[in-house]
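We just call them A, B and C in the order they show up, numbering each chain from 1.
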Amino acid sequence: METSSAVIEQLLVRVDELESRMQIRDLASNYCHGFDKRDYEKFLSIWWGDCVWDIGPPFGRFEGHAGIHAAIHDVLWPAWQESHHLATNQVIRFSDPDTATSVCDVDCVGTLTNDEGCQIVGATYSDVLQRRAGEWKIKQRDVRIHYFNPVPGTRLAAPAAS
Amino acid sequence: METSSAVIEQLLVRVDELESRMQIRDLASNYCHGFDKRDYEKFLSIWWGDCVWDIGPPFGRFEGHAGIHAAIHDVLWPAWQESHHLATNQVIRFSDPDTATSVCDVDCVGTLTNDEGCQIVGATYSDVLQRRAGEWKIKQRDVRIHYFNPVPGTRLAAPAAS
Amino acid sequence: METSSAVIEQLLVRVDELESRMQIRDLASNYCHGFDKRDYEKFLSIWWGDCVWDIGPPFGRFEGHAGIHAAIHDVLWPAWQESHHLATNQVIRFSDPDTATSVCDVDCVGTLTNDEGCQIVGATYSDVLQRRAGEWKIKQRDVRIHYFNPVPGTRLAAPAAS
(Lines give C-alpha, C1' and ligand atoms only; values in the text may rest on other atoms or scores of the structure.)
Protein backbone atom coordinates (compact mmCIF):
# COMPACT_ATOMS: atom_id res chain seq x y z
CA MET A 1 0.00 0.00 0.00
CA GLU A 2 1.05 3.55 -0.69
CA THR A 3 2.20 5.59 2.21
CA SER A 4 -0.75 7.46 3.60
CA SER A 5 0.90 10.83 3.00
CA ALA A 6 0.96 10.13 -0.75
CA VAL A 7 -2.71 9.13 -0.64
CA ILE A 8 -3.57 12.32 1.24
CA GLU A 9 -1.61 14.38 -1.27
CA GLN A 10 -3.70 12.91 -4.08
CA LEU A 11 -6.91 13.50 -2.16
CA LEU A 12 -5.98 17.16 -1.72
CA VAL A 13 -5.49 17.51 -5.48
CA ARG A 14 -8.83 15.86 -6.23
CA VAL A 15 -10.78 17.88 -3.66
CA ASP A 16 -9.14 21.06 -4.94
CA GLU A 17 -10.38 20.27 -8.45
CA LEU A 18 -13.90 19.57 -7.21
CA GLU A 19 -13.93 22.90 -5.37
CA SER A 20 -12.62 24.63 -8.49
CA ARG A 21 -15.54 23.17 -10.44
CA MET A 22 -18.00 24.65 -7.94
CA GLN A 23 -16.33 28.05 -8.16
CA ILE A 24 -16.30 27.99 -11.97
CA ARG A 25 -19.99 27.08 -12.01
CA ASP A 26 -20.66 30.05 -9.76
CA LEU A 27 -18.97 32.33 -12.30
CA ALA A 28 -21.36 31.17 -15.02
CA SER A 29 -24.31 31.66 -12.66
CA ASN A 30 -23.19 35.04 -11.36
CA TYR A 31 -22.83 36.30 -14.92
CA CYS A 32 -26.59 35.77 -15.22
CA HIS A 33 -27.46 37.09 -11.76
CA GLY A 34 -25.24 40.17 -12.12
CA PHE A 35 -26.41 40.99 -15.64
CA ASP A 36 -30.13 40.40 -15.20
CA LYS A 37 -30.49 41.87 -11.70
CA ARG A 38 -28.28 44.82 -12.71
CA ASP A 39 -25.79 44.20 -9.92
CA TYR A 40 -22.65 45.66 -11.49
CA GLU A 41 -20.37 44.77 -8.58
CA LYS A 42 -21.40 41.11 -8.86
CA PHE A 43 -21.08 41.17 -12.65
CA LEU A 44 -17.62 42.75 -12.57
CA SER A 45 -16.40 40.31 -9.91
CA ILE A 46 -16.37 37.40 -12.38
CA TRP A 47 -13.84 39.03 -14.77
CA TRP A 48 -10.06 39.39 -14.51
CA GLY A 49 -8.74 42.89 -15.10
CA ASP A 50 -7.15 41.77 -18.38
CA CYS A 51 -10.26 39.93 -19.62
CA VAL A 52 -11.75 39.76 -23.09
CA TRP A 53 -15.51 39.54 -23.66
CA ASP A 54 -16.07 38.85 -27.31
CA ILE A 55 -19.82 38.93 -27.91
CA GLY A 56 -19.57 39.43 -31.65
CA PRO A 57 -22.49 40.80 -33.67
CA PRO A 58 -24.59 42.72 -32.88
CA PHE A 59 -22.81 43.91 -29.74
CA GLY A 60 -19.03 43.77 -30.25
CA ARG A 61 -15.79 42.90 -28.44
CA PHE A 62 -14.71 44.37 -25.10
CA GLU A 63 -11.38 44.30 -23.23
CA GLY A 64 -10.50 44.73 -19.57
CA HIS A 65 -12.62 46.17 -16.82
CA ALA A 66 -13.00 49.40 -18.79
CA GLY A 67 -14.43 47.34 -21.65
CA ILE A 68 -16.80 45.50 -19.30
CA HIS A 69 -17.97 48.85 -17.94
CA ALA A 70 -18.59 50.26 -21.40
CA ALA A 71 -20.32 47.09 -22.62
CA ILE A 72 -22.66 47.01 -19.64
CA HIS A 73 -23.40 50.69 -19.08
CA ASP A 74 -23.17 52.05 -22.63
CA VAL A 75 -24.40 49.13 -24.71
CA LEU A 76 -26.16 46.23 -23.04
CA TRP A 77 -28.18 47.55 -20.12
CA PRO A 78 -29.40 50.47 -22.26
CA ALA A 79 -30.39 47.96 -24.97
CA TRP A 80 -32.52 45.78 -22.67
CA GLN A 81 -35.53 46.77 -20.58
CA GLU A 82 -35.23 43.41 -18.90
CA SER A 83 -33.39 40.13 -19.52
CA HIS A 84 -33.45 36.63 -18.02
CA HIS A 85 -30.53 34.31 -18.78
CA LEU A 86 -30.43 30.60 -17.99
CA ALA A 87 -26.96 29.01 -18.13
CA THR A 88 -26.81 25.23 -18.54
CA ASN A 89 -24.83 22.35 -20.05
CA GLN A 90 -21.57 23.58 -18.54
CA VAL A 91 -18.60 21.30 -19.25
CA ILE A 92 -15.29 22.24 -17.60
CA ARG A 93 -11.85 20.97 -18.59
CA PHE A 94 -8.62 21.66 -16.68
CA SER A 95 -5.29 22.02 -18.46
CA ASP A 96 -3.57 22.50 -15.10
CA PRO A 97 -4.88 23.11 -11.56
CA ASP A 98 -5.11 26.87 -12.20
CA THR A 99 -6.30 26.96 -15.82
CA ALA A 100 -9.53 25.67 -17.30
CA THR A 101 -11.83 26.01 -20.25
CA SER A 102 -15.60 25.85 -20.06
CA VAL A 103 -18.45 25.63 -22.53
CA CYS A 104 -22.04 26.35 -21.58
CA ASP A 105 -25.29 27.06 -23.39
CA VAL A 106 -27.50 29.98 -22.50
CA ASP A 107 -31.11 30.80 -23.15
CA CYS A 108 -32.27 34.36 -22.68
CA VAL A 109 -35.79 35.81 -22.62
CA GLY A 110 -36.17 39.57 -22.47
CA THR A 111 -37.57 42.83 -23.74
CA LEU A 112 -35.52 45.40 -25.65
CA THR A 113 -35.74 49.10 -24.94
CA ASN A 114 -38.33 50.91 -27.07
CA ASP A 115 -39.87 47.64 -28.08
CA GLU A 116 -42.75 45.98 -26.32
CA GLY A 117 -42.32 42.47 -27.67
CA CYS A 118 -40.57 39.51 -26.13
CA GLN A 119 -37.19 38.52 -27.57
CA ILE A 120 -35.52 35.13 -27.27
CA VAL A 121 -31.80 34.50 -27.59
CA GLY A 122 -29.87 31.22 -27.67
CA ALA A 123 -26.08 31.29 -27.36
CA THR A 124 -22.99 29.29 -26.45
CA TYR A 125 -20.30 30.75 -24.20
CA SER A 126 -16.74 29.39 -24.54
CA ASP A 127 -14.58 30.54 -21.64
CA VAL A 128 -10.96 30.50 -20.55
CA LEU A 129 -10.70 30.62 -16.76
CA GLN A 130 -7.71 31.26 -14.57
CA ARG A 131 -7.07 30.94 -10.87
CA ARG A 132 -4.84 33.65 -9.46
CA ALA A 133 -4.02 33.95 -5.78
CA GLY A 134 -6.61 31.27 -5.07
CA GLU A 135 -9.51 32.86 -6.94
CA TRP A 136 -11.13 31.77 -10.20
CA LYS A 137 -12.30 34.38 -12.69
CA ILE A 138 -12.95 34.59 -16.42
CA LYS A 139 -9.98 35.49 -18.61
CA GLN A 140 -11.90 35.30 -21.88
CA ARG A 141 -15.49 34.67 -22.89
CA ASP A 142 -16.34 34.13 -26.55
CA VAL A 143 -20.03 34.27 -27.36
CA ARG A 144 -21.71 32.59 -30.29
CA ILE A 145 -25.31 33.68 -30.72
CA HIS A 146 -27.39 31.01 -32.48
CA TYR A 147 -30.63 32.98 -32.66
CA PHE A 148 -31.89 36.35 -31.50
CA ASN A 149 -35.40 37.16 -32.59
CA PRO A 150 -38.81 38.32 -31.41
CA VAL A 151 -41.76 36.17 -30.42
CA PRO A 152 -44.38 38.29 -32.20
CA GLY A 153 -47.46 39.06 -30.16
CA THR A 154 -45.88 38.06 -26.82
CA ARG A 155 -45.20 40.63 -24.11
CA LEU A 156 -43.44 39.86 -20.85
CA ALA A 157 -45.56 41.04 -17.94
CA ALA A 158 -45.07 40.74 -14.18
CA PRO A 159 -48.03 39.75 -12.02
CA ALA A 160 -49.78 42.70 -10.39
CA ALA A 161 -48.73 43.33 -6.78
CA SER A 162 -51.40 42.21 -4.35
CA MET B 1 4.41 19.75 7.33
CA GLU B 2 1.18 19.68 9.27
CA THR B 3 0.38 16.54 11.14
CA SER B 4 -1.63 14.32 8.88
CA SER B 5 -4.57 14.20 11.30
CA ALA B 6 -5.03 17.97 10.96
CA VAL B 7 -4.89 17.65 7.18
CA ILE B 8 -7.46 14.87 7.28
CA GLU B 9 -9.70 16.93 9.54
CA GLN B 10 -9.66 19.76 6.98
CA LEU B 11 -10.34 17.35 4.13
CA LEU B 12 -13.39 16.02 5.96
CA VAL B 13 -14.76 19.55 6.30
CA ARG B 14 -14.18 20.30 2.62
CA VAL B 15 -15.70 17.03 1.39
CA ASP B 16 -18.66 17.57 3.68
CA GLU B 17 -19.30 20.97 2.08
CA LEU B 18 -19.03 19.52 -1.42
CA GLU B 19 -21.57 16.83 -0.52
CA SER B 20 -23.83 19.48 1.00
CA ARG B 21 -23.73 21.36 -2.31
CA MET B 22 -24.86 18.25 -4.16
CA GLN B 23 -27.73 17.73 -1.71
CA ILE B 24 -28.82 21.36 -1.94
CA ARG B 25 -28.80 21.17 -5.73
CA ASP B 26 -31.00 18.11 -5.50
CA LEU B 27 -33.53 20.10 -3.45
CA ALA B 28 -33.80 22.70 -6.22
CA SER B 29 -34.18 19.93 -8.81
CA ASN B 30 -36.68 17.90 -6.80
CA TYR B 31 -38.85 20.97 -6.36
CA CYS B 32 -39.26 20.91 -10.14
CA HIS B 33 -39.65 17.13 -10.44
CA GLY B 34 -42.11 16.92 -7.55
CA PHE B 35 -44.20 19.88 -8.70
CA ASP B 36 -44.33 19.13 -12.42
CA LYS B 37 -44.71 15.33 -12.18
CA ARG B 38 -47.26 15.75 -9.38
CA ASP B 39 -45.30 13.62 -6.96
CA TYR B 40 -46.43 15.10 -3.66
CA GLU B 41 -44.23 12.89 -1.50
CA LYS B 42 -41.15 14.06 -3.41
CA PHE B 43 -42.28 17.67 -3.31
CA LEU B 44 -42.97 17.62 0.42
CA SER B 45 -39.62 15.94 1.16
CA ILE B 46 -37.67 19.10 0.31
CA TRP B 47 -39.36 21.24 3.01
CA TRP B 48 -38.78 21.40 6.77
CA GLY B 49 -41.91 21.17 8.90
CA ASP B 50 -41.52 24.81 9.93
CA CYS B 51 -40.88 26.09 6.42
CA VAL B 52 -42.11 29.24 4.71
CA TRP B 53 -42.91 29.35 0.99
CA ASP B 54 -43.51 32.94 0.04
CA ILE B 55 -44.57 32.98 -3.60
CA GLY B 56 -46.11 36.43 -3.48
CA PRO B 57 -48.66 37.58 -6.06
CA PRO B 58 -50.65 36.03 -7.57
CA PHE B 59 -50.42 32.94 -5.35
CA GLY B 60 -49.60 33.95 -1.76
CA ARG B 61 -47.55 32.91 1.27
CA PHE B 62 -47.65 29.47 2.87
CA GLU B 63 -46.28 28.14 6.18
CA GLY B 64 -45.38 24.66 7.38
CA HIS B 65 -46.33 21.36 5.84
CA ALA B 66 -50.01 22.27 6.15
CA GLY B 67 -49.27 25.37 4.09
CA ILE B 68 -47.38 23.34 1.49
CA HIS B 69 -50.32 20.96 1.27
CA ALA B 70 -52.82 23.79 0.80
CA ALA B 71 -50.63 25.60 -1.73
CA ILE B 72 -50.16 22.48 -3.82
CA HIS B 73 -53.57 20.82 -3.58
CA ASP B 74 -55.86 23.84 -3.25
CA VAL B 75 -54.06 26.47 -5.29
CA LEU B 76 -51.24 25.45 -7.61
CA TRP B 77 -52.03 22.06 -9.06
CA PRO B 78 -55.65 23.10 -9.65
CA ALA B 79 -54.36 26.25 -11.39
CA TRP B 80 -52.11 24.39 -13.86
CA GLN B 81 -53.06 21.72 -16.38
CA GLU B 82 -49.37 21.12 -16.82
CA SER B 83 -46.12 22.86 -15.91
CA HIS B 84 -42.43 22.41 -16.73
CA HIS B 85 -39.87 24.17 -14.54
CA LEU B 86 -36.17 24.47 -15.30
CA ALA B 87 -33.99 25.52 -12.35
CA THR B 88 -30.57 26.98 -13.19
CA ASN B 89 -27.92 29.48 -12.08
CA GLN B 90 -27.88 28.14 -8.53
CA VAL B 91 -25.35 29.86 -6.27
CA ILE B 92 -24.99 28.46 -2.74
CA ARG B 93 -23.35 30.20 0.21
CA PHE B 94 -22.69 28.63 3.62
CA SER B 95 -22.83 30.67 6.82
CA ASP B 96 -21.88 27.57 8.80
CA PRO B 97 -21.65 23.86 7.91
CA ASP B 98 -25.39 23.38 8.59
CA THR B 99 -26.83 26.64 7.24
CA ALA B 100 -26.79 27.98 3.70
CA THR B 101 -28.52 30.39 1.37
CA SER B 102 -29.14 29.74 -2.29
CA VAL B 103 -30.32 31.77 -5.25
CA CYS B 104 -31.49 30.20 -8.48
CA ASP B 105 -33.41 31.29 -11.55
CA VAL B 106 -36.32 29.34 -12.91
CA ASP B 107 -38.07 29.25 -16.22
CA CYS B 108 -41.49 27.64 -16.45
CA VAL B 109 -43.58 26.71 -19.47
CA GLY B 110 -47.10 25.47 -18.90
CA THR B 111 -50.81 25.57 -19.53
CA LEU B 112 -53.32 26.93 -17.04
CA THR B 113 -56.58 25.19 -16.28
CA ASN B 114 -59.48 26.35 -18.45
CA ASP B 115 -57.08 28.02 -20.82
CA GLU B 116 -55.65 26.42 -23.91
CA GLY B 117 -52.73 28.76 -24.45
CA CYS B 118 -49.11 28.37 -23.40
CA GLN B 119 -47.91 30.47 -20.47
CA ILE B 120 -44.32 31.37 -19.68
CA VAL B 121 -43.01 32.33 -16.26
CA GLY B 122 -39.58 33.60 -15.21
CA ALA B 123 -38.71 33.78 -11.52
CA THR B 124 -35.90 33.88 -8.98
CA TYR B 125 -35.97 31.69 -5.87
CA SER B 126 -34.04 32.85 -2.79
CA ASP B 127 -33.73 30.07 -0.23
CA VAL B 128 -32.58 29.52 3.33
CA LEU B 129 -31.47 25.93 3.85
CA GLN B 130 -30.75 24.05 7.02
CA ARG B 131 -29.18 20.71 7.78
CA ARG B 132 -30.78 18.91 10.69
CA ALA B 133 -29.76 15.43 11.78
CA GLY B 134 -27.62 15.16 8.67
CA GLU B 135 -30.30 16.11 6.16
CA TRP B 136 -30.63 19.30 4.12
CA LYS B 137 -34.08 20.79 3.49
CA ILE B 138 -35.55 24.19 2.67
CA LYS B 139 -36.41 26.40 5.63
CA GLN B 140 -37.64 29.32 3.52
CA ARG B 141 -38.15 29.97 -0.16
CA ASP B 142 -38.94 33.50 -1.35
CA VAL B 143 -40.14 33.75 -4.92
CA ARG B 144 -39.85 36.77 -7.13
CA ILE B 145 -41.79 36.40 -10.38
CA HIS B 146 -40.30 38.55 -13.15
CA TYR B 147 -42.88 37.74 -15.81
CA PHE B 148 -45.92 35.51 -16.13
CA ASN B 149 -47.79 35.87 -19.39
CA PRO B 150 -49.24 33.96 -22.32
CA VAL B 151 -47.60 33.24 -25.65
CA PRO B 152 -50.68 33.98 -27.76
CA GLY B 153 -51.45 31.41 -30.42
CA THR B 154 -49.15 28.73 -28.94
CA ARG B 155 -50.55 25.52 -27.49
CA LEU B 156 -48.47 22.87 -25.75
CA ALA B 157 -49.15 19.49 -27.35
CA ALA B 158 -47.63 16.06 -26.72
CA PRO B 159 -46.70 13.90 -29.71
CA ALA B 160 -49.30 11.28 -30.58
CA ALA B 161 -48.54 7.81 -29.20
CA SER B 162 -47.38 5.48 -31.96
CA MET C 1 -10.73 7.75 17.25
CA GLU C 2 -10.76 5.62 14.15
CA THR C 3 -7.46 4.71 12.70
CA SER C 4 -6.55 7.26 10.11
CA SER C 5 -6.35 4.63 7.35
CA ALA C 6 -10.05 3.82 7.84
CA VAL C 7 -10.88 7.54 7.67
CA ILE C 8 -8.86 7.91 4.50
CA GLU C 9 -10.57 4.88 3.00
CA GLN C 10 -13.96 6.54 3.59
CA LEU C 11 -12.74 9.82 2.15
CA LEU C 12 -11.63 8.06 -1.00
CA VAL C 13 -15.09 6.55 -1.42
CA ARG C 14 -16.77 9.92 -0.90
CA VAL C 15 -14.47 11.81 -3.27
CA ASP C 16 -14.91 9.09 -5.86
CA GLU C 17 -18.70 9.58 -5.72
CA LEU C 18 -18.36 13.34 -6.04
CA GLU C 19 -16.16 12.91 -9.10
CA SER C 20 -18.64 10.42 -10.54
CA ARG C 21 -21.36 13.05 -10.17
CA MET C 22 -19.29 15.53 -12.16
CA GLN C 23 -18.69 12.98 -14.90
CA ILE C 24 -22.36 12.02 -15.07
CA ARG C 25 -23.34 15.71 -15.33
CA ASP C 26 -20.92 16.04 -18.22
CA LEU C 27 -22.70 13.20 -20.03
CA ALA C 28 -26.00 15.07 -19.82
CA SER C 29 -24.31 18.25 -21.04
CA ASN C 30 -22.36 16.59 -23.82
CA TYR C 31 -25.55 15.01 -25.13
CA CYS C 32 -26.74 18.56 -25.79
CA HIS C 33 -23.42 19.86 -27.10
CA GLY C 34 -22.87 16.86 -29.35
CA PHE C 35 -26.41 16.82 -30.72
CA ASP C 36 -26.88 20.55 -31.27
CA LYS C 37 -23.38 21.35 -32.56
CA ARG C 38 -23.49 18.22 -34.75
CA ASP C 39 -20.34 16.77 -33.24
CA TYR C 40 -20.96 13.07 -33.76
CA GLU C 41 -17.76 11.93 -32.04
CA LYS C 42 -18.76 13.83 -28.89
CA PHE C 43 -22.33 12.58 -29.08
CA LEU C 44 -21.29 8.94 -29.53
CA SER C 45 -18.77 9.17 -26.67
CA ILE C 46 -21.54 9.34 -24.05
CA TRP C 47 -23.06 5.95 -24.97
CA TRP C 48 -21.94 2.42 -24.14
CA GLY C 49 -21.77 0.05 -27.10
CA ASP C 50 -24.74 -1.92 -25.75
CA CYS C 51 -26.86 1.16 -25.03
CA VAL C 52 -30.57 1.73 -25.54
CA TRP C 53 -31.98 5.13 -26.51
CA ASP C 54 -35.72 4.93 -26.25
CA ILE C 55 -37.09 8.25 -27.50
CA GLY C 56 -40.58 6.96 -28.13
CA PRO C 57 -43.00 8.76 -30.46
CA PRO C 58 -42.44 10.38 -32.88
CA PHE C 59 -38.86 9.16 -33.27
CA GLY C 60 -38.52 5.57 -32.02
CA ARG C 61 -36.19 3.24 -30.10
CA PHE C 62 -32.54 2.68 -30.95
CA GLU C 63 -30.01 0.07 -29.75
CA GLY C 64 -26.23 0.05 -29.67
CA HIS C 65 -23.82 2.29 -31.50
CA ALA C 66 -25.39 1.25 -34.81
CA GLY C 67 -28.73 2.45 -33.48
CA ILE C 68 -27.23 5.73 -32.30
CA HIS C 69 -25.74 6.22 -35.75
CA ALA C 70 -29.03 5.55 -37.49
CA ALA C 71 -31.00 7.75 -35.08
CA ILE C 72 -28.65 10.67 -35.54
CA HIS C 73 -27.79 10.45 -39.22
CA ASP C 74 -30.98 8.98 -40.67
CA VAL C 75 -33.66 10.43 -38.39
CA LEU C 76 -32.81 13.30 -36.08
CA TRP C 77 -30.26 15.51 -37.78
CA PRO C 78 -32.20 15.29 -41.05
CA ALA C 79 -35.37 16.25 -39.11
CA TRP C 80 -33.92 19.42 -37.57
CA GLN C 81 -32.41 22.43 -39.32
CA GLU C 82 -31.18 23.52 -35.91
CA SER C 83 -31.80 22.59 -32.28
CA HIS C 84 -30.83 23.99 -28.88
CA HIS C 85 -31.24 21.74 -25.82
CA LEU C 86 -30.94 22.89 -22.22
CA ALA C 87 -30.52 20.08 -19.66
CA THR C 88 -31.40 20.91 -16.06
CA ASN C 89 -32.80 19.51 -12.80
CA GLN C 90 -30.46 16.52 -12.88
CA VAL C 91 -30.80 14.22 -9.87
CA ILE C 92 -28.35 11.30 -9.66
CA ARG C 93 -28.71 8.21 -7.45
CA PHE C 94 -26.08 5.51 -6.99
CA SER C 95 -27.02 1.89 -6.43
CA ASP C 96 -23.32 1.00 -6.16
CA PRO C 97 -20.12 2.90 -6.92
CA ASP C 98 -20.28 1.91 -10.60
CA THR C 99 -24.03 2.09 -11.27
CA ALA C 100 -26.34 5.08 -11.11
CA THR C 101 -29.66 6.39 -12.32
CA SER C 102 -30.31 9.95 -13.32
CA VAL C 103 -33.36 12.06 -14.13
CA CYS C 104 -33.14 15.43 -15.86
CA ASP C 105 -35.51 17.78 -17.62
CA VAL C 106 -34.75 19.23 -21.01
CA ASP C 107 -36.06 22.17 -22.93
CA CYS C 108 -35.39 22.38 -26.65
CA VAL C 109 -35.91 25.24 -29.09
CA GLY C 110 -35.35 24.58 -32.76
CA THR C 111 -36.45 24.65 -36.37
CA LEU C 112 -37.50 21.56 -38.31
CA THR C 113 -36.37 20.89 -41.85
CA ASN C 114 -38.75 22.23 -44.50
CA ASP C 115 -40.50 24.35 -41.91
CA GLU C 116 -39.63 27.92 -41.11
CA GLY C 117 -41.33 28.18 -37.74
CA CYS C 118 -39.86 27.77 -34.28
CA GLN C 119 -40.64 24.55 -32.40
CA ILE C 120 -40.43 24.02 -28.66
CA VAL C 121 -40.01 20.67 -26.95
CA GLY C 122 -40.10 19.79 -23.23
CA ALA C 123 -38.97 16.35 -22.12
CA THR C 124 -37.66 14.26 -19.23
CA TYR C 125 -34.70 11.91 -19.66
CA SER C 126 -34.42 8.91 -17.31
CA ASP C 127 -31.00 7.31 -17.55
CA VAL C 128 -29.16 4.24 -16.34
CA LEU C 129 -25.43 4.89 -16.14
CA GLN C 130 -22.57 2.49 -15.72
CA ARG C 131 -18.89 2.91 -14.99
CA ARG C 132 -16.69 0.44 -16.80
CA ALA C 133 -12.89 0.52 -16.61
CA GLY C 134 -13.14 3.83 -14.79
CA GLU C 135 -15.37 5.60 -17.31
CA TRP C 136 -19.02 6.61 -16.97
CA LYS C 137 -21.35 6.33 -19.96
CA ILE C 138 -25.07 5.95 -20.58
CA LYS C 139 -26.41 2.41 -20.67
CA GLN C 140 -30.02 3.43 -21.28
CA ARG C 141 -31.86 6.69 -21.83
CA ASP C 142 -35.66 6.71 -21.79
CA VAL C 143 -37.24 9.89 -23.11
CA ARG C 144 -40.66 11.18 -22.21
CA ILE C 145 -41.72 14.11 -24.38
CA HIS C 146 -44.23 16.35 -22.58
CA TYR C 147 -44.86 18.75 -25.45
CA PHE C 148 -43.56 19.27 -28.96
CA ASN C 149 -45.28 22.03 -30.86
CA PRO C 150 -44.74 25.16 -32.94
CA VAL C 151 -44.72 28.75 -31.73
CA PRO C 152 -46.72 30.13 -34.64
CA GLY C 153 -45.31 33.30 -36.17
CA THR C 154 -41.89 32.94 -34.55
CA ARG C 155 -38.77 32.26 -36.61
CA LEU C 156 -35.33 31.64 -35.17
CA ALA C 157 -32.82 34.01 -36.75
CA ALA C 158 -29.12 34.56 -36.09
CA PRO C 159 -27.81 38.12 -35.93
CA ALA C 160 -26.22 39.32 -39.15
CA ALA C 161 -22.42 39.05 -39.20
CA SER C 162 -20.77 42.42 -38.82
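By definition in this document, contacts are C-beta pairs under 8 Å (C-beta built on N, C-alpha and C of every residue); 3 or more make two chains touch, one makes a residue touch a chain.
Keep in mind it's a predicted model, so treat the numbers as computed, not measured.
Subunit C is reached from subunit B by a rotation of 120°, derived from superposing Cα atoms (nearest 5).
Where the sister copies subunit A and subunit C meet, the same residue numbers recur on both sides for under half of the interface positions. As a whole-number value, the distance joining the C-alpha centres of subunit A and subunit C reads 22 Å.
For subunit C, residues touching at least two other chains, in rising order: 4, 8, 11, 15, 18, 86, 88, 107, 151, 153. By the touch criterion given at the top, residues 4, 7-8, 11, 14-15, 18, 21, 56-58, 86, 88-91, 103, 105, 107, 120, 122, 124, 145-153 of subunit C touch subunit B in their complex. For subunit A in complex with subunit B, the touching residues are 4-5, 8, 11-12, 15, 18-19, 22, 26, 28-30, 32-33, 36-37, 82, 84-88, 107, 109, 118, 151, 153-162.
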